[in-house]
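Chain IDs A, B, C, D, E and F follow the sequence of writing; residue 1 opens each chain.
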Amino acid sequence: MRHDYVLKLLESGERLDGRKLDEFRDIKIEVDTIERAEGSARVKIGKTDIIVGIKMDLGEPFPDVPNQGMLRTGAEFSPIASPEFNPGPPGEDATELARVVDRGIRESECIDLEKLCLKPGEQVWTMFVDIHMMNHDGNLIDVSALAAVAALMRTKMPELEDGKINREKLKEKLPIKHIPITVTVGKISDKFLIDPTKEEEQVLDSKLMVAVMEDGKICAMQKSGDQGLSEEETSRMIDLAIKKSKEIRKLL
Amino acid sequence: MRHDYVLKLLESGERLDGRKLDEFRDIKIEVDTIERAEGSARVKIGKTDIIVGIKMDLGEPFPDVPNQGMLRTGAEFSPIASPEFNPGPPGEDATELARVVDRGIRESECIDLEKLCLKPGEQVWTMFVDIHMMNHDGNLIDVSALAAVAALMRTKMPELEDGKINREKLKEKLPIKHIPITVTVGKISDKFLIDPTKEEEQVLDSKLMVAVMEDGKICAMQKSGDQGLSEEETSRMIDLAIKKSKEIRKLL
Amino acid sequence: MRHDYVLKLLESGERLDGRKLDEFRDIKIEVDTIERAEGSARVKIGKTDIIVGIKMDLGEPFPDVPNQGMLRTGAEFSPIASPEFNPGPPGEDATELARVVDRGIRESECIDLEKLCLKPGEQVWTMFVDIHMMNHDGNLIDVSALAAVAALMRTKMPELEDGKINREKLKEKLPIKHIPITVTVGKISDKFLIDPTKEEEQVLDSKLMVAVMEDGKICAMQKSGDQGLSEEETSRMIDLAIKKSKEIRKLL
Amino acid sequence: MGMKSKEKMIVEGKRLDGRTPDEIREIEMKVGVIPNANGSARVSFGRTTAVAAVYGPRILHPRRLQEPDTAIIRCRYNMAPFSVDERIRPGSSRREKEISKVTRLALEPALFLEKYPETVIDIYIEIIQADGSTRVTGINAASLALADAGAPMRDLVVGLAGGKLDDTIIIDLCGKEDNYSVADIPIAFLPRKNEITLLQMDGQLNPDEVKTIVKNVLNAGKKVYEKQKEALKKKYHK
Amino acid sequence: MGMKSKEKMIVEGKRLDGRTPDEIREIEMKVGVIPNANGSARVSFGRTTAVAAVYGPRILHPRRLQEPDTAIIRCRYNMAPFSVDERIRPGSSRREKEISKVTRLALEPALFLEKYPETVIDIYIEIIQADGSTRVTGINAASLALADAGAPMRDLVVGLAGGKLDDTIIIDLCGKEDNYSVADIPIAFLPRKNEITLLQMDGQLNPDEVKTIVKNVLNAGKKVYEKQKEALKKKYHK
Amino acid sequence: MGMKSKEKMIVEGKRLDGRTPDEIREIEMKVGVIPNANGSARVSFGRTTAVAAVYGPRILHPRRLQEPDTAIIRCRYNMAPFSVDERIRPGSSRREKEISKVTRLALEPALFLEKYPETVIDIYIEIIQADGSTRVTGINAASLALADAGAPMRDLVVGLAGGKLDDTIIIDLCGKEDNYSVADIPIAFLPRKNEITLLQMDGQLNPDEVKTIVKNVLNAGKKVYEKQKEALKKKYHK
């Protein structure tokens, strides 16, 4: 019943919470929420609430890029965040979330990985980006991606003393080159909308996640949902995502 | 019904597909099917269809044999191959298959492992023999063992450049010393048969897998099935396996 | 019915097997039961029967204690020991058992870990204490802890030859400094008892495990059971545990 | 992506393997390759080979997972251990999990799932050999396997990747091109109505480039569609 | 424990962070922090922060796990990967498994579980940031989350650790104090009747010291109890 | 196997431990060693010790795994972590999985499983100490445990290994002999009808040698059979 009502509203261009179709819910960005992490941010968009913490560690580089630091992004659908989530290893959706956020950071060349090399082929910095969900009310990818970028921007690298990490001394910031902003556009019938709630997500036909750079270039995309898109719809969704990414960018 | 019919036929010495009891189905051996592997072979016996791919890598030797290369054989009952197979880690039967094929290769001293030592105690070649099932219609062990040997015979070792593997340059062949051929003999009532189909396997009393070397020596055996064998039956099954192994050997 | 009967008996200060509330069942300690282990003991208290085996190996120390040997305690609720146990990775109870036994050994400073350092920061001895259950009839923690200590007291370290372990030559004993004895006190209504059988454990309100050193100091505690304890009850249970630990200590 | 080549990858309009920018590698497609399956196919684009098998529809157990008004699709994309240079350890990686999901979503819009309530249709894709564009090759194989199984379908599903290499828009990236490309866009679509059911992107492109690549892939995909139909015809006319 | 400090940890009656031996760190408590949960709370003791959520009572599946005369409690204590210096790999460690069990046993005596037969109540505790005393902080958060969920309770459950540092009995150990303490005793109890529901100990103490610490914690815990009641009041009076 | 000894392993007709080629190590067998089990036994051949317990027949859950006309056997062969030189990590290795399977097949022909439809009989074998011939020692223990449990049996199952060391045919290989042997043939059989139910081989032998070893093992196994019967008698006559 509720499902049908939400559907009908959206088809007529309205939303349960009174927003316009292309309007975000309230966005709150808190940084340095986790003092013990090298970087952290908590982002709330509406009732969706996500913390990202960054830990820096030393590691051996991948053999094919011996002079680059490493990025490892993890996401858990923590069971505190939603009655549908269960404890256990990440499922398909949590894996996709982590990989899509990772892709936005990686493909935008957000971090100058070459500056994170300590000894080529032997030792580089590894950044662990961990996405921790506090409450799930839709649009997990946009919120997670925003929290990840906000946390990376605040991350300070611990000092090395005799080759060992001293986390009580954090000094230099991470070498940030670019800032990707991810906006997911949903489609229902002939309408496009952004920032869907969990209820709205259940009635969408399809979604397109678009990660956008400062200069308007796209650096990652991911279609989702169980209906197809026409070429023209795809174009319009990309354009809307780019436009809305500029609004979000101002908040950082 | 079908089950009873297959059973009755076999007890009277006949087979559903018209073969004699000691006759193999059509055998097709294709080599170098996987260009990206260092060695590969695809063997079809009847409708059973198996690919084996060989990958060469560097590793640290086992402490008790510091001057020998390593052999690692894996088998997955891929769910594409049969409606009874499910995704997931290898079960009892897949584990047994991998270990029995491994044993045939290892005990026959098929490969001169000492020639695969690069630096005693520190670095040796590791051969990964992966058995990949395409279609299961019985007699998985014989088909897998044949594909493994055919693939090893064609395997070329990648060159080492500055201690790193260059897989674009494959030159030297693996040092092959012996070729084991595995023949499984099935028993039903007082009849012996070879190369059973999946349907036939379901009605067999027991099976004896025998791996045979060029000179007629036996290098591995494994009894299977839920009925016992007398000493005399065992002898006859060994003799039949040795005899049939000679036919197969000619195909390599 | 049986459950209610056991309960009523205990509430009136009696036990099914005629023991007094503060009386242990028969205790048998057998040492060196596993010739191939570096140390071993089998302890039976009543029908509870547990083997602990000690294996010594080389390892890299933890970075925060670079000059100390390592202790690793594992417990499996082996399915041979009870109809309720199933094969599989250790559950909550087996994990707790291992950790509580480990804590008693560790916190009492039972072993002089600094004497097990071979090269600070690089190589130390690791002791694997494995608790193997043969039959479960209650009081698993006390029996396991006793077997662990008895096994450690008999453990001989293998000789090192060219940096490699030679297990055929066992000479020096482990450097034992202290001997913790663990006694678990159960409570039901206003009664305290020790060494409960499996049947008795099912009707207990709560339990307090106390590990006691030679000088009467306490080195570990763990409350269990689904009822609370008053401050005064806690005191009395601690006192009883200390008193009974002296009896057990004489058996070693 | 991420790796930069010191040399040009496209010289005088020709790619490493001699192809023009809008040229697809040699395609081989065959249906009915796995006798045990309800439907199956093998598809190669150059050295990339995928085999797909469909089992079902069959009753789903345990029952509480059944849907009363539709069939459920389960999809597994798996790389054979020997399909690439460095042997892959068995067991689903995070990459394989993600591709399994997007592949399922790429195929579902083509199927009339409501015809088989309470059942499951299992789609297994094995990448036997990998040289770029593996997920779209897998989708082509799965599309044919579904058709071979007689599943009622709105249309076949065509998979094809586009991208940008040096300054050139190309299609059907091979492994090396994938490594050194500026961007890679794997796409799946139902050709009859040009409905896009899979769209991913890695790399950096301005929006017009993205749109051009999408258009190019939809066009070039028609050839893949013809190959699929041919392969199905061959099955019935031999 | 086990590590020995070369320096005194308590100098002139003051601890590292300036506290007196019987002083608790700054406490923050808030209920209703997770909109999706039936009850939730966030609790901080200094830099240690726990968030707890309660889901349920809800019918337990599969049915053979149901108890005909009582609800079942499931409890998961989990450390966020970024909560400590060295990143924690996801997945339950042995330590987390043990703490999940003792936490469940610490909470059960406070609940009238027989009111919800055949159901399960899930309690999830996340340690967002760790600086000592995490298990008792988690218990405080879980206690508030249960009350926030409207679970019928005999009393709230208060968690607080006591211990010995140098020669001094202290309460509410922070991370560094935990590392260098002579002994650490985490305790949980129902304050109305002073019923102890969690009691663990690491270190070396004579019995009188143990008894003193237990007494001190039960006393000091009253302040934590007041804070819990305040946090619950705030929920209804704002 | 695979390892070559520089020295002779058999000198003047005597093996390392002083045995003659056809001599079995000291055998100890005892039934009823695990009070909780429906049946149990401990068997030692020299320093190799196996303990087996049988639980069941008991109703199998979940129901869809039940067989309407027969009991199901589940068998787990497990090595204790301290049973060998290098500590074994808990969890089934591939070797243990294979041995669990062949052990089950070795025992099944002795049982009248059709007497207990819809049930499961669990056989757990623990190798407490390992010095060669562990799987056959485990089979002897399981055979006694089944008899001790009162399972209706056609016959007991006897396990014994044969092999070739230097140029000599031997039986009951200890650990070191196993490592340096030319070949090793573990066998299980029902002695009354000489029915072979387990037969494996590692190493290199010509067919006549194989047949000789099988014959020798069936003969020498009669002594093991007598020991089993004695152990069972002792249970009832003490």
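Brief remarks follow.
As a working rule, a residue touches a chain if its C-beta (ideal position, glycine included) is under 8 Å from a C-beta of that chain, and two chains touch if they have at least 3 such contacts.
Quick caveat, the model's predicted, so the values are computed rather than measured.
Among the remaining chains, those touching subunit B and also subunit C are F. A centroid comparison over C-alpha atoms places E as the chain most distant from subunit B. Of all chains, D has its CA centroid at the greatest distance from the CA centroid of subunit C.
Distance from the subunit B centre to the subunit F centre is 26 Å, each centre being the mean of its Cα atoms.
The distance from the centre of subunit B to the centre of subunit E, each centre being the mean of the chain's C-alpha atoms, comes to 57 Å.
Inter-chain centre distance (subunit C to subunit F, centres taken as mean C-alpha positions): 32 Å. Residue positions of subunit E touching 2 or more other chains: there are none. Residues of subunit C in contact with at least two other chains: none. Taken together, the subunit C residues at the contact with subunit F in this complex read 34-37, 40, 47, 49, 51, 53-55, 57, 74, 76, 78-83, 87, 89-90, 128, 130, 132, 134-137, 167. Remark: subunit E residues 1-3, 94-95, 97-98, 100-102, 105, 108-109, 185, 189-190, 193-207, 210-211, 214-215, 218 touch subunit C in the complex.
Subunit F meets subunit C in the complex at residues 33-37, 40, 47, 51-53, 55, 58, 76, 78, 80-87, 90-91, 122, 124, 126, 128-131. Contact residues on subunit B toward subunit F in their complex (touch as defined above): 64-65, 92-93, 95-96, 98-99, 103, 106-109, 208, 213, 216-231, 234-235, 238-239, 242.
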